[in-house]
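By letter and in written order, the chains are A, B, C and D; residue numbering begins at 1 in each of them.
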Amino acid sequence: MMHLPVYVSAIIAFVLLAAGSLVLPDWAMFLFAMALAKGLVCLGIVGMMRGGVVSFGQGLYYCLGAYTATLVANSFGVSDIFLLTLISAAVCLAVGLVFGPLLSSYRGIFFAMLSLALSMVLYGTLSKMSFIGGTDGLNIGAPTFLGWAPEGRPLQTALYIYVVAIVVIAGALMRIYFDSEQGLITLAMRDNELRVEYLGASVRHVMTYNYVFGALLGGIGGTIAVLALGHVDPEFAFWTTSGEFVFVAILAGYLSVPAVFVAAIILELVRSFSNLYFPNTWQLALGIFLLIVIVALPGGLGSLIKRSKETDT
Amino acid sequence: MIKKHITGALGAALLAGGLAGPAAAQDDTFKIGVITFLSGQAAESFGVPAWNGGKLLVDMLNEGGKLPAPYDTKGFGGMNIEVVVIDEAGGATKQVQEFRNLVQREEVDAVVGYVSSGNCLAVPPVADELKAFTILYDCGTPRVFEDGAFEYVFRTAAHATMDNVSLARYLKSRDFDVPSFAGLNQDYAWGQDSWADFTGAMKQLYPDAEVKTALFPKFGAGQYGTEISALLRERPALVHSSNWGGDLQGFLIQATARGLHKRSQVVLAAGDHVIPQLGNKMPDGIFLGARGVNGLAANARGGELKELTDTLWMAYEDEYDTFPVQAPFRMWQALLGLKTAVEKAMADNGGKKPTDEELAAAMKGLSWDAPSGRIEMMLADGHQAIQPNAIGTTKWNEETGKMELVDVEYYAARCVNPPAGIKSADWLAQGFPGAECD
Amino acid sequence: MDLIATILVDGLIYAGWLFIVSVGLTLVFGVLNILNIAHGSLYAIGAYASASLVGAYFAAGGEAFPFGSYLALILAAVLVAVVLGPLLERGLLRYFYGRDEVLNVLVTYAVFLILEDVMKLIWGVNPYFVYEPYTLLGDVEIGPLFYVGYDFAVIAAAIIVGLAVWLTLNRTQVGKVVLAVIHDAEISQTMGVNVKRIYLGAFMAGAFLAALGGALTAPMISVTPGLGVNVIIVAFAVVIIGGLGSVPGAAIGALMVGISRAASVHLVPEAELFIIYFVMAIVLMFRPEGLFAKTQARKI
Amino acid sequence: MSTGLLEVRDVQKSFGAVTAAKDISVSVPKGAVYSLIGTNGAGKTTFVNMVTGYIKPDSGVINFGGQNIAGLAPRQITRLGIHRSFQIAQLCNELTVEENMLVAGAIHGTTKPSFLRPAHDKSARERAIATLERFNIAEHRNRLIPELSGGVKKLLDIAMAMAGETQIMLLDEPTSGVAADEKFPIMDLVINALKAEGVTVIFVEHDMDIVTRYSERVLAFYDGQIIADDAPDEVLSDPEVQRYVTGGPA
């Protein structure tokens, strides 16, 4: 069990991913940037999965982050990507802190459904608000980077590097958290809440932490996605969007952090190419792919990568 | 760090598979990316009929000599037309991604697409960023060019304000008494905007009419029992709806069964496309438009464009056993506009395949004939089309067993569309300044 | 007519429809512990099948006895259950029993995606209509309002379905066995219950009810692609409100949603879209597991 | 009767029509070893559950170190120093023995559980292994829970409860699910380890040999009431106890 320290693997990951900006064609760089942004949201779900719950409503924060960034950019003329990310993250953190304690006493399908209901309420509200575009949504201009306003390929590259940096930092922090004492308590709670409560730890607190981290990551992911995309609409909070996030999380499993981002990229590629080659039956192709993944990889991609524990009893 | 290697290898393998995109189009072919609904609710009413019509046109153009002049030349300026079709379902995020893929991976020469106004708002900034020539062929929201300006993006169909202004004018010209009216529209931007446009136009033409309930059932609701009860209770003289597709069919079936059309005049902003499916289940005496002189209204019009209209009509009926409604007409006006622009650009550049810049320059302010009438790129600095419109009344012909459109009124493009330089909402609020009606 | 009476009648009609589409979902969850997103697809397939079957009935000279089309409607639902029930349950779902609930939601989501396209491959994208059954039962005049007799037939169908399910579960031998399986599948197995058969039966019943909902709705709508998406989310809300796995819960949930929605359309039309989530959020706030949920067994 | 570490006074609890605890009053002095006997449903586990916060009594007072803990959450009671083990060992099946112990250590460390400090820290592991060694199960440290024998599971369950500053330990049937020949060795191990740390012990037991051998005082439960509270020999020779609990003279 020799492990490189987290920061070393983070630097390696950053260099490898950043090198992509030199070789990837434009469309792929965009696809990767989107996939990584969505991967951040999924990483939040993975954090909750470690505690035994799955949010079917992460679209709430993805959408909230994206709308916050767009409204701030459009009403106050803020275009700096760092500032926008910070503001959206702060808003999502605040909302997460409100809903986190509320949701922390729900488990299983009820947690999934209540989180879904919350995101559907946002979806419904935004759809009704025609003064901010209603169902058509809003556009947001290209971001600037501390005063630098690139266009074309440099813009794509800058955005991509930005996403990569955030992904690597968030990934490393989550890895540290997963391996920490709190992280182990989360895993224990997934197994046996009663035990954890009778050891004197609050299951609800742990649930709340994980939910709030998920909210934060969801908001950051949504902000980056909207800046890359240039457009946000209430669909960001629709249940099918959240469903995709859950799918990526399940595809990745909860063992490995890099697997989350690999899974996100795989899903984007599969979707894009099935769209192109089977325009009439892409949903069928996607559905079959989903089933194959669930059947063939019960522990997720991460279980392929991570050392497998001896479980023969 | 074994996991890094494996993930790296996996990524690389996927990438290698993914990056090997098809080669760029040859100089003797013109490749267009077509995005339209192939699944979901808009597939049946718009996406599929539009592309059914488009396919016919592309085949006829590639063969050459199948259409009346000036469209009797082969392909686009002699180039063969090649098409990549993408499903529009799946939301704006997916569409922006697919747009990039079409332009950068498939290297299409032009993109023609988008029914959903959300997608029409999301795509143009990207099109400009990529400098990719793009035609929005169907969507209705005025916001595309009223809230922004785009170099490479054109819309070859009039925006939705026209539909509701025409309806109000139709009521007025037929001296229809409207003491009160109510609305039932789908709960998303299209329905909300249509209702706002209709009430705006009515305020000018029927300032005393009382506005009763405005219902916005969920998109795809299917069940309108409660809404119909509300409309029956309120007894408005007129019920406005911009519903389309399954939502419109469901509403009409349920409303007709409960006699709503006998109590209130029903007016439909875009109702023509359900006629082939509903047949005599569509009650007589409904006022409806087709978002342009499309479908039955175009067929009844005759005149100079009869030959072109008949070409579409007959080819479509031959192939699909039903007559073309609004969607294929709009696809034709987009593709014929593209053909005109390509050929104009080639005349200017000495016959080479035009670049996106040359195409955009040629398209700007262009006008051309389509089965739906003269299309003029009049608004938004030559990027937004206006076109004539028509409203008619449904009447079932027992002898032929077909639904007909009677008492059709045709409106000149400049009568029901705002002039350049004014937003449609302002144009409505100010009482249609600059409207040129015959 | 009084506004309140209108709201009640409209609400009841909608609730009847809601109950039929959600009771199958709650039954399948109760027995198999699977929250089936593909329930929406089964609903849509039921609508298509009934459109085809009723269409065929009239094409074969059914005009002579138009009421036979109601049999065709029900037969369509039976067909869907007999063909797709075993295919999905034996062919796929049984491999996922006992696995994580949320994972199983994803499995059925995949089935939902697949079935969406399969429907398109079978029936194309053109709409199907079978309005004959809708108008056969004549009008009902209540005060100044007209209703269609069929609306009340849907309420009747909902009551029959509810009673049938409840009586089967609580008053028959089969029902007792099913309840035993719901309580503890493993123990039932050791006591000689053929759990496999119960699972298959329950899933087929659920599929039948979903398809029946679609079949009964088909005459009042145009059957087009995308029908299933909207149904599933409403049905989810109803069963969550009522408590997953509870038949009376589905009935109460349907009534609550139906009547509050009708009130909203008549009084505050702007709120219609929220009302269902609003009711759901309120109920969950006070009863985290829904109104009629089974209490969870204690661990010690 | 008011010097005990744990003072239970007039505690009542009923579930619907069933009375699970009727006027329960007990005083347990510091360092004592008490056992609870009674048939199933007599109220022993209800007593344990009320003291540890799993069930809230309808009325009455449970005093611990001068504080009424009736109605507090299990977590809060645990934090005060009252720990328990379970009839069915409550362990995390997907973790190894050592990791289970690390969880307990992380929660009861000198500082609050950290988001940054690695759970598998060297010192944390050393502490975990030391505790495992005290209960003689260190050799199993890298195995997963489902691979363990019933006895080892019980020991781990108790070892985890001992990670904190335990003052009172309630053992709910420590020898149930344990092979017959392991029962005495396990009880020896557990009682000695607990006594060595001065922990007050209350255990629920059906085996009267274990009761007489290990406990200083016995509480006999019948129908939600305590029918005897005395030294083991006295209680076991009590005719009422013989009639309702042990089923005949011992």
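Couple of notes before you dig in:
Following the convention adopted for this analysis, a contact is a pair of C-beta atoms (placed from the backbone, for glycine too) under 8 Å apart; a residue touches a chain by one contact, two chains touch by 3 or more.
Note that this is a predicted model, so its numbers are computed, not measured.
Central chain by Cα centroid: A, whose mean Cα position is closest to the mean of all protein Cα atoms. Relative to chain B, the chain whose mean Cα position lies farthest away is D.
Mean C-alpha positions place chain C and chain D at a centre distance of 49 Å. One simple way to say how far apart two chains are is to compare their mean CA positions; for chain A and chain C this gives 33 Å. With centres defined as mean CA coordinates, chain D is found 74 Å away from chain B. In whole angstrom, the spacing between the mean C-alpha positions of chain B and chain C is 36. Multi-chain contact residues of chain B, defined as those touching 2 or more other chains: 38-39, 187. For chain C, the set of residues touching two or more other chains reads 116-117, 120, 270, 273, 299-300.
Shared interface positions of chain D, i.e. residues touching 2 or more other chains, are given as 86, 90. Contact residues of chain B toward chain C in the complex are 38-41, 43-44, 47-48, 187, 213-218, 220-223, 225-227, 229-230, 232-233, 245-246, 249-250, 253-254, 257-259, 274, 277-278, 281.
The touching residues of chain B, counted against chain A in their complex, run 1-4, 6-8, 10-11, 14-15, 17-19, 21, 38-39, 84-87, 90-94, 96-98, 100-101, 103-106, 117-118, 121-122, 125-126, 129-130, 141, 143, 147-148, 187-189, 192-193. Against chain D, in their complex, chain A makes its touches with residues 176-177, 179-185, 187-188, 190-192, 194-202, 209, 309-311, 313. Listed in rising order, the residues of chain D touching chain A in the complex are 52, 73-75, 78-79, 83-84, 86, 90-95, 99-100, 102-104, 106-109, 113-120, 124, 144, 146-147, 160-161, 163-164. Residues 1, 3, 6, 9-11, 13-14, 17, 116-117, 120, 125-127, 129, 131, 134-135, 139, 144-148, 150-151, 217, 220-227, 229-230, 261-262, 265-266, 269-270, 272-273 of chain C are the ones touching chain B in the complex.
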